[in-house]
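Shared between the two complexes below is chain A, which has chain B as its partner in the first and chain C in the second.
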Partner chain A sequence: MKPKTKKIITLSIVVLVVLVITLLLYKVAGKEPFIRTALSGLTLGSLFFLVAAGLTLIFGLMDVLNFAHGSMFMLGAYMGWQLYTNPTFIFALLPHLLAFATGVMLLPLIKPTLVRMKLPEKWVNAIPKITLVLALLLAVFSFIGFDILAYAKTAMVAASIATAGNPFAEITPQEPFATYWIRPVLIFLSGLLVAIASAKPGNKQEFAVRERLSKTLPVPVIFFSLTILALVVRESAPKAVLLMDGNLRFAIAVLVSIIFGFVFGQVVEITLIRPLYVRPTFIIIMTLGLSYVIRELVQLLWDPLAYQMVRPPFAAQPGKAANLLEWFQKGSSTLNIFGVTFPTYRLFVIALGIVMFIFITILMTRSRLGMIIRAGVQDPQMVEALGINVKSIFTLVFALGVAMAALGGIGAGPFLPIQPLMGDQYQTQGLITVVIGGMGSYVGAFVGAMILGMARAFGDYFALKYSLSTAIAEASTVIIMIIVLLARPQGLFGKKE
Partner chain B sequence: MLDKYLTKPGFGAAVKRERGFLIFILLMFILPFGIRALTGSGLNEGVTKFWQGQLITFFIMAVFAMSYDLLIGYGGILSFGHAASFGGGAYTFALLTKWWAPRFLESYRVMLGSVNISEGIVLLLILLAVLAVSIIIGLIFAATSIRLKGTYFAMLTLAISSAFYILIKATDFHQWTGADEGLHGIPLPVWLNPTQNRFTIYVVSLLFLMICYLVMRRMVNSPTGRVIVANRENEDRMRMIGYNPVTYRAIAFVTASIFAGFSGALYSIWNMSASPTMMSAVTTVNALIMTIMGGMGTLIGPVFGAAISQVIQQFFYTWFGARWPLVFGILFMLIVMFLPYGVVGTWRLQGWKVKQGWQRFLDLFKAKKAAG
Partner chain C sequence: MSTQTPQNDLLVLEEIHTFIGQFHILEGVSLRVPKDSITVMLGRNGAGKTTTLKSILGLTPPQQGRVIFDGMEIQGKHAYNIANLGIGYVPEHRAIFRALSVMENLKLAERKKGDFDKHEEFIFNLFPDLKRLYKLPGNHLSGGQQQMLAVARALVPDNKLLLIDEPSEGLAPILIQQMMEAIRILSTTTTILLVEQNFIMASQLAQRFTIIDDGKSPHSGLMSDLVNDTELVHHYLGASIKTRKEMELSHEAEN
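Up next, the complex of A and B:
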C-alpha cells in the first residue's frame, strides 16, 4: 500500500470514530451540556496543543524529550503575569540581561582575532576555564546588593491592588543610577569573558572566518543601544506600561512571554543540552533537573502561592453578548453560543490554539525553515552533509517550542491559578498527546490534543453527572494512550521506524 | 570493569570481594551502641532514636535506588514508573495490615508449642502478597516493553504509573485507601512498632539492605545478569546469539520490581502509613537522582547516592533555608553535566589518577628522605 493511501485510510478511520463518539455523546449528554463541554474540551485541547507542538517538534528533530517543558509553560505564565500586573521586576532586570547579551554578542567580532593568536598549549587549555570562572565571579559581583526579591515581590502586592483599580501604589522605587551603573558594566564584562571563553583563543582546531565589520558589528551595536535604552527607561517604563490600555498591555504581555520563551529556549539548548547530545539519556535527566531548578527559583522569587491574573478588558466587561460582533464591540465576559453561556476568554484561547496550528502548518509546509526541519526529522546527517548548520536549526526549533509553551502559559494565565506546579499537568498531557499523535508530527499533536481535551472535558462532565470522582477524567487520557499505542505503536500520525 | 568480580568463585572469595560493604554494615550495626555510649540515652529514645530514624530512611531508599539501578544501569531501561512497584508494595502491605490482618487475628490463632505465632504468620502471608503484587506490576511493565522501545517506552511507563497514582488518589475508594491523605495508623505488632521498638526496625532494615545488596550483586554477576547487561549494549546482536531479549528484560523488570516492592513495604512499616506520594513520579525521580549521583550500573553507587541525598536533606535545610532544593537542583545538574558516571563511576574511571598522584607525592617524600 502506498503511504499516502494509508495516511488517508488512517485519517478517515479517525474521523469516523470521532463522528460516532460525538453523536453518542450528543445523545447521552443532551444539547446544551454537550456544547458547553465540547467548548471546554476545545479550550483544554488548545492549551495541550501549544505544549505538545513544541515537544513533538523538539523530539522529532533532535530526539530530545524535554521534561522541563511544563516548567517553561509556567515561566511564560509568570512572565506575562508580571508584565501585566506590575512590570517593575522585568524592567529592573532588563539592563542586566541586555548588557550580558551585548558582551556575548561580541563573539563573532573577536573570535577571528583570538583564534589566530599563537599561545602555548598550556594556556590554550587554561584560558577558557579561567575566563569562565572570572565571568561567574563578575556576574555574582554585579548582583551583590541588588534586591531582586523585593522587585519580584512587588507584583504580589500589586496583584491584590490591581483588582482594586490602583496598580501604581506599589511600584518600588529603584536603586539610584549613581550606584546602579556599575552593575551593567560588570555584567557586560562578564558576558565579554564568556565570549572570550567560547572563542577558544589559540585553539588550532577552531576555525573562524574574518568577516566584514558591516556584518558582525550591527548585532552588538543594537544590543548596546537597547541596553542604554533599558537603562534610561528603567524607572519610568513600569508606570508607562501600567498606564496603557489593558488590551494593549495584555498584547505586550503575550509578546514578552513569547520573546522570553524564545531567548530562554536558546540559552537552555546552547548551554545545557548541546553538550549532552552524545548521551541521550542524560538529556532527559538534565531537563528533569532543570524543571526542578526552575520550579524552586520561581518559588524563591514569588513564594509558593497561587495568583489570579486579571482578565484583559476585551473579555472582562460584565454582561452577556448575544453574538461575536457584540462581544468585539463591548468586550463582554460571556457569550451566548447556541443558547449556552460561555466565557469569552476561553474562546480567545481556542482561537489562539487554532491560529498557532495554522501558523505552524504554514511554517512547516511553505517556508525554507520548515523544509529544513522536515528534512531534519527524516535524516539529520544528510541535512548537515548538504551544508546546513544543523546545530543552529536545533537551537532555533528548541527555542520555537519553548516560545510556544510560554505562549500557552500566558494564554492560560487569566483563567488558571498561576502557581509553580501549574505546568506539570500540561506537561504530562502534552507528553501523552505527543505519543498519541506520533512523535515529530504537528498534525498529530493537534489531533491528539483535541482528543485529549475532549476526553478530559467529557470525563469531568460524566463524573459529575454520575457523582463519581474526577479520577476517571484523568485516567481516560492514559487509557486512550495505551489503546493507541497497542493499536499503532508509532502514534496516529507517526512514521514507522 | 566488572571482570574482576567474575574471577573467583566460592564463599570466601565473595566475602573478600565485598569486604568493604560488609565492614560498612558492621559499622552501621555498631553505630547506635556507639551513640548510646557517647550520649547516654537508651537505644529507643533521644538522640540515638533520631539518628536511627535518619539511617532507616537511608537504608530503605538505598534498596529502592539499587533496584532502580538494576533497570537503568544494568538493563539500560529508562523507566519512569518504578514508583508504581514501591507504592504498590507499600499499599499492599498497608491495606492488608489495616483491613485484613485484624479480622484474621480475631478469628484464628496459630500456636507453635506455647508460643503464639499468629502475628508472624500474618506478616509472612502479607509479605507473600507484596511479593505477588510486585511480580504482577513488574510483569505489566515488562509486557509493555515488548512492543515499545526507548522514549515511547519511557513515556508509557510514566503513563502507567500515573494511572496507578490516579487510582490510589481517587476519592471513590476513600474509605479504603484514604485517597489524598493516604493510609495512616497501620496497626503493627508491638515488637515491630517503629516508635516503640526503633532498634528492631533499624536492624531489620540494615539486614534488608545487606541481603538485598548481596542478592542483587549475585544476580548481576550471574550469567542471567550478564545477559541483561548484554541486552543493554546490543539487543540485535544478542538476539542473533539466540537469547530472547524480551525474556531477559522481563527478568530485570520483575527482579527490580520485587526489591522495590519490599522496600516500599518496609517503608510503610517504618512510617506506619502509605501515602499517594510514594506512587507519584516524584519518588521515581528521587530514585533516579540517587542513582545518577552515585553512579549508574555500579550497584554500590545508589547506596552512596541515597546517603548523599539523605545528608543533603539534613543539612541543606539548616544552611539554605526553605529553598534548599534550589541548591540541590543546581548541584544535581552540575553532576549530570560534569560527572555523568556519578561519584562511584568517576572514582572507578579516574581513581587510578588520584592513586598515582598520591604515590608520586609519597615518592617525593621518600626521595627527600633518601637525599637527606
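Up next, the complex of A and C:
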C-alpha cells in the first residue's frame, strides 16, 4: 500500500471515530451540558497544552524529562499573582536580580582577555572554583538582614485589604537607600565573579573571538541602566502598578511570568541540568528534587495556603454578555454561547492555548531556531558540526518550555486556587499528554492535551450526573494513555524509533 | 615530500590519542594535509578513520596530541567553534536531516546570512538533481540524492577544509562517477581530507595518502608511490584490492 493512501485511510478512520464519539456524547449529555462541558474541556486542554508543549520540546531535543515542570507552572502563577496583587515583592527583589545579571552579562566582554591570560596550570584549575565560592559568599552577604519574608507576606495582607478598598495600608516599607545601596553593589560583584569563573581564565581549550565593543557592550549597559532604574523606582513603582488599569496590570503580570520562566529556565538548565547530560537518569532525580525544593521555598515565602487571584477587569464585570462583541465592550464575567452561560475568563484561557499553539507551529516550521530544533532532535552532533552551538540551543529550548509553563500558571491563576501544589496535577497530565501525543511532537502535545481535557471534563460531568466517584475522570486519562500505548507505542504523532 | 614545508600544510595532526568511553580508539595518529590538495585516509573497517575525522572536528576530542589547523591549535575546543573556523564535514551514512526539506538542510548550514545565496549557483551546477528536489523532505530522497545533499551542505559556507567520510559508500557505479567528478571540481577551490574504502576511486582522486591501521598511522606519502607498492596495499588494505601494477600485469596477460 502506498504511504499516501494509507495516510488517507487512517485520517478518515480518525475523523469517523471523533465524529461518532462527539455525536454519542451530544446525545447522552444533551445540548447545553455538552457545550458547557466541551468548553470546560477546551480550557483544561489549553492549560495541559501549555505544560505539555514545553515538556515535549525539551524531551524531543535533549531527552530530558523535566519533573519540575509542574513546579515551574506553579511558580509562574505565584510570580504573576505577586505582581498583580503585591508588586512590592517583585520590586524589592528586582535591583538584586538585575545587578547580578549585569555582572554576569559582562562575560562576553571580559572572556577574550581572560582566556588569553597565561597562567600556571594549577591556577587555571583553581580560579573558577575560588571565584565561585567568593561569588556565593558575596551573594549571601548581600542578603543579610534583607527581610524577604516580610515583602512576601505583604501579599496576604494586601490581598485581604484590597477587597476593603485600601490596597496600600499594609505594604512593607522598603529599606532606606542609605543602608540598601550596598546590596546591589555586592551582588553585582558576585555576578562579575560568576562571569570570571565561567570565562575560565587561562584555559587553553576555551575559545573566544575578540568582538567589537559595539557588539559586546550594549547588553551589560542596558542591564546596568535597568538596575539603576529599578533602584530609583523601588519605592514608587509598587504603588504605581497597583493604581494602574487592571487589564494593563494583568498584562504586565503575564509578561513578568513569561520573563521569569524564561530566566529561571536558563538558570536551571545551565547550573543544574547541563552538568548531568552524560547521566540522563540523574536528571530525572534532580528535577524531581528540584520540584520539592521549589515547593518548600514557596511554602516558606507564602505559607502553605491557597490564595484566590482576582480576575482581571476584562472578565470580571457582573452581568452576562450576549455575544463576543458585548464582552469586549463591557468586560462581562460570563458570556452566552448557544444558550449556555460560560465564564469569559475561561474563553481567554482557551484563546491563550490556541495562540501559543500557532506561535509554536510558526516557530518550528518557519524560523531558523525551529529548523535547528528539528535537526537537533535527529542528530545534535551533526548540528554542532555545522558550527551551531547546540548547548546554547538546549538552554534556549529549556527556557522556552519553562516560560510556556509559567504562562500557563498565570493563565490559570485567576480561576484556580494559587497554592504550592497547584502544579502537580498539571505535571502528571502534561506527562500523560506527551506520552499520548508522542514524545517530541508539539502537534501531538496539542491533540493529546485536547483529548485529555475533554476526557477530564466529560468524566467529571458523567461522574456527577450518575453520582459516581470523580476518580473516574482522573482515571480516564490514564486509561486513554494505556489504550494509545497498546495501539501505537510511539504515541499518536510520535516517530518510530 | 621534503619539498613541502610545514607552512603549506592546512591541517596537521601530531600523535593524537582519542578515547571513546573506555576504548582507546586512536593510539597516536599523525597526518598532514597540504593546502589545495586531496589527501585520502585508507584502512580497514574499524581502523579509526571516522574517529580521526571526528577528533579533528572536536566531536570526539583527542585526549593527547595536537591538532593544528591553519597554524592554530584547535584540539579540545568546542566542535562548533572548530567548524566555524572553516571546516565542513560530510559524515558517513549520509547523515542529512530527514525531518527537514532539502532547502532547509542547505539553509541550516549557513554560518552567515546569505551564505547559501552566494553559493547557490555553484551547488546546483555541481548537483543539478538537488534543484529539482528543493522542497522535498530529506526522508523522501534516494540514497544517492541524500549523499549529494550531504556534500552540498558542506559547500554552503566558505570552508577552507572539507572532511568527507566515504562518499561512495553504497552508491551505484554511475553515481560514484558523478561524485568523483564533483569532488575533483571541489578540490580546485578547497582542501579536502577524504576517507574512502574504494581504492580505485581514492587512487584516482587523491594526491596524498595516509594509512590508518589499528588506531595508528603507519604510512603516508604520495598516492603515485602507493599505487605501485603492491606489498603495502595488500598488507594494510586487504588482498582483494588490485594495484595499478597488478592490473597492468593481468591486462598484459590477457592480451
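The criterion applied here is as follows: the second predicted complex is superposed on the first by the 484 of 497 C-alpha atoms of A that agree within 3 Å, B and C clash if a C-alpha of one lies under 4 Å from a C-alpha of the other, contacts with A are read in each partner's own complex, and residues count from 1 in each chain.
Just so it is clear, a residue touches a chain if its C-beta (ideal position, glycine included) is under 8 Å from a C-beta of that chain, and two chains touch if they have at least 3 such contacts.
Just so it is clear, the structure is predicted and the values come from calculations on it, not from any experiment.
In the superposition on chain A, contact of A:Ser469 is made with chain B only, not with chain C.
Shared-chain residue A:Leu272: touches chain B; no touch with chain C.
In the superposed model, A:Lys204 makes contact with chain C only, not with chain B.
In the superposed model, A:Leu386 makes contact with chain C only, not with chain B. Partner contacting the larger number of chain A residues, of chain B and chain C: B. Chain A contributes residues 204-207, 368, 371-372, 374-375, 377-379, 381-390 to its touches with chain C in the complex.
Chain A meets chain B in the complex at residues 59, 63, 65, 272, 275-276, 279, 281-282, 284-286, 288-290, 292-293, 296-297, 299-300, 428, 431-432, 434-435, 439, 468-469, 471, 474-475, 478-479, 481-482, 485-486, 489.
Only residues 57, 59, 73, 76-81, 83-84, 89, 91, 95, 97-100, 104, 107-109, 111, 153, 157 of chain C touch chain A when the two sit together in their complex.
By the touch rule above, chain B contacts chain A in their complex via residues 72, 78, 147-148, 151-152, 154-156, 158-160, 162-163, 166-167, 169-172, 285, 288, 292, 323, 325-326, 329-330, 332-333, 336-337, 340.
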